[in-house]
Amino acid sequence: MFTKEEIAQRIAQEIKDGYYVNLGIGIPTLVANYIPKGINVVLQSENGLLGMGPFPFEGEEDADLINAGKQTITTLPGSSIFDSAMSFGMMRAQKVDLTILGAMEVSENGDIANWKIPGKMVKGMGGAMDLVASAKNIIVAMQHVNKAGESKLLSKCTLPLTGVKCIKKIVTELAVLDILPEGGFKLLERAPGVSVDFIKQSTAGRLIAEGDIPEMRLD
Amino acid sequence: MINKVVSGAKEAIDDVSDGATLMLGGFGLCGIPENCINALVEKGVKDLTCISNNAGVDDFGIGLMLKQRQVKKMISSYVGENAEFERQLLSGELEVDLIPQGTLATRCLAAGYGMPAIFTPAGVGTEVAEGKEIRNFGGKDYLMEYAFDADFAIVKAWKGDTAGNLIFRSTSRNFNPVMAMAGKITIAEVEELVEAGELDPDYIHTPGIYVHRIFQGKDYEKRIEQRTVRKSGV
Amino acid sequence: MFTKEEIAQRIAQEIKDGYYVNLGIGIPTLVANYIPKGINVVLQSENGLLGMGPFPFEGEEDADLINAGKQTITTLPGSSIFDSAMSFGMMRAQKVDLTILGAMEVSENGDIANWKIPGKMVKGMGGAMDLVASAKNIIVAMQHVNKAGESKLLSKCTLPLTGVKCIKKIVTELAVLDILPEGGFKLLERAPGVSVDFIKQSTAGRLIAEGDIPEMRLD
Amino acid sequence: MINKVVSGAKEAIDDVSDGATLMLGGFGLCGIPENCINALVEKGVKDLTCISNNAGVDDFGIGLMLKQRQVKKMISSYVGENAEFERQLLSGELEVDLIPQGTLATRCLAAGYGMPAIFTPAGVGTEVAEGKEIRNFGGKDYLMEYAFDADFAIVKAWKGDTAGNLIFRSTSRNFNPVMAMAGKITIAEVEELVEAGELDPDYIHTPGIYVHRIFQGKDYEKRIEQRTVRKSGV
């Protein structure tokens, strides 16, 4: 089984040179730490920044320079700042190559739920609905099962949706999976030491495991 | 030129009356119009509809207005970080309309650009789409969303001039320019107010035509919500 | 009868302090010369400038700084530059207080034709259709009759329209007229020495002349 | 970073093929991509659809492409000042789609912001509205106009950096930023190309994400269409 850090590390392998990438909060944020050397990636922050850099050194925090998680950050050479309309405009126009975000549930037809649990306090969808509706390539970083041991990869989402038929790839602590255009979770890779059977048991939606499923590699 | 310069926040928001619809710039606590919010709290104006990406925190930003029960309705993309907000929402004292962040920004843009409605894919197939017109373009579904209609837009800029031109600093820009375009009356508070002619026309983010009142604010706290740092000397 | 300069001078009286004004090509351009002292007006040029200044001094022309008529111009203190989308956006949002433009024909219900003569080379509408469709207040500066002596104030335009029911005021070499919401040219002022009868004869559309019609004053 | 910097206009437009749809920035002759236009003329690519506010003059700008019969269709708001253009139009060799200038700009913006269509009042009740959907919002009629779909946007900026960020100078900005956002491939020629990091992030007009190829142009003529001056010493 993979740790959160390892999920992030595996996702980082999907990033290609020159990509513009939007990272959601949580595991996706960790992906920035594993971008392979020699690969140049520009991180978009939906509050209006391209070229997000690392956290500032202590004492160099700038209240005017934050990311979408409201964390103090820095810019990098080549950064640009813009307003919220342009930020979401460039997403909608599919200029962002890859979006990585978390999810509470994903269904076998690519629906995602990650913003609302009925009966609990609702904080809002922020930019998540725009991201999933607009992005040409979305990878979901999530736990395969919840704390109660229930699968989060379902035939149908039970929670209110964030977007429909938009997720194409999922990386969990157990597996890497594609969602097929015709529906179904296609198992691509297993986490080291995790059996196909265990992944099947952990997946409530339709799992397609054909032939030999290799283990994920992190190098 | 008609004088757009007012003495301060008190004068700037003097005609904001009960039941008004306000846009308030900022993302989180970054780039919020601190002076005007404080003046609105002091004035005690009520039953406001506030269009703002966030709702402040308990003791800062729009949170201060919530604490005083001045807000009837929030139109935001992300709220929370705010216990009083949650209490009022759950007790039914406060209406909340949660909309996608890009929809929020683009409905401001639409108002500023005189476009009555826009199309966005955000929210298609979700509860956000309920009761809304869906239209297919090129095989993809979009929601039709309407331009906002706000009585006042209240924004915070870094620099401004007496002609109303505004320049924003770093990511405190966020919603401020699109809201500045979208208010029937736009009020700008700036950290530094200069004479017309001192700002380079090529680098103005909001042209003065969109700004009706401007003043140099004071005592900016600029609170940081998540102070994240790395160790020096790495 | 008024000269073109005098038409411009009369129109300048309609401009109020603090107005943002868009001036079309031709007589409207002349209006800038007659803006009363003490009145501050910001001129919008639709190619992306607020705060248009006078022509540059010889030798100070800047190829990057032109107006909508492609003339070299200057900026003024408080000017701002923006792109074409914002330029027409601010018009559409009715942030421009007054638009002054020329016309080939105006009808008694406020239609205007000023961009196309069928059978002749068509150069295009440029920004005229946006301006007339968006402006909250439009004044037309035009000749009352064409060179053939035919009225240009008609019951119905004969040329292809630029916009419908959008013109509220007209200043010609003969008269100042309002277009009433219910239709009809309401005569407000006569040019010095021009009789109401002569204006009637020169107006093909319905002219409403009630009571004593004063002469225009240019001071 | 993927290298966006190309050697010059020839390389930048190398894959523009016959029948392509191009957006070309500029207003009149102000802010036009001179280097790329010359390279397109040299390449002799044909049957182009050109989206550009104007069509140049006989011996400069897009006029050079017209002279060589490279343009099948012009989509513009204002043409003329161009005898060859007129001849081709009247003889039926050239198609012309005249649309209001604000519609032209906003259809670019729509493409750059991923909005499939926009609403504008421009052209309602005129021949521009023929065959188009009209929709009433708040008592006023609007036309629905579609986002442009251009293979290439070719723009001219003042400064640019290796990350593709652009800054425009004075009114040569005009259509350039909105077209830069709207091309499937965007090519920017700049008067001065600098390293990433040399431009202030706060004053970038076009973020590099919209720009695919960039090069430092040369020999800019920057022809003035109407040289208007006042006498010195007034």
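General remarks:
By written order: A, B, C and D. Residues from 1 in each chain.
Following the convention adopted for this analysis, contacts are C-beta pairs under 8 Å (C-beta built on N, C-alpha and C of every residue); 3 or more make two chains touch, one makes a residue touch a chain.
Keep in mind the model is a prediction, meaning the values are calculated, not measured.
Counted as hops between touching chains, the shortest connection from chain A to chain D is 1.
The chains that touch both chain C and chain D are B. For chain D, the chain whose average C-alpha position is most distant is A.
Here the CA centre of chain A is 28 Å from the CA centre of chain B. Centre to centre, using the average C-alpha position, chain A and chain C are separated by 56 Å.
The centroid of the Cα atoms in chain B and the matching centroid in chain C are 36 Å apart.
Chain B and chain D have Cα centroids separated by 33 Å.
Shared interface positions of chain B, defined as residues touching 2 or more other chains, are 106, 113-115, 120-121, 169-170, 173, 201-202.
Residues of chain C found to touch two or more other chains are 49, 75, 81-82, 85, 88-89, 91-92, 134.
The touch graph of the protein chains shown belongs to none of the named shapes. Every pair of chains that touch is listed here: A-B, A-D, B-C, B-D, C-D. Taken in their complex, chain A has these residues touching chain B: 45-49, 54-67, 69-73, 75, 81-85, 87-89, 91-92, 111, 121-130, 133-134, 160-165.
Within the complex, the chain B residues that touch chain D are 106, 113-121, 137-138, 140, 142, 146, 167-170, 173, 201-203.
Interface of chain B with chain A (complex): residues 27-31, 53, 76-80, 86, 89-90, 98, 100-106, 108-109, 120-128, 158, 169-178, 205, 222-232. By the touch criterion stated above, chain C contacts chain B in their complex at residues 17-18, 20, 40, 42, 44, 49-51, 75-82, 85-86, 88-96, 134. Residues 1-2, 111-115, 161-163, 165, 181, 195-197, 201-202, 204, 207-210 of chain D are the ones touching chain A in the complex.
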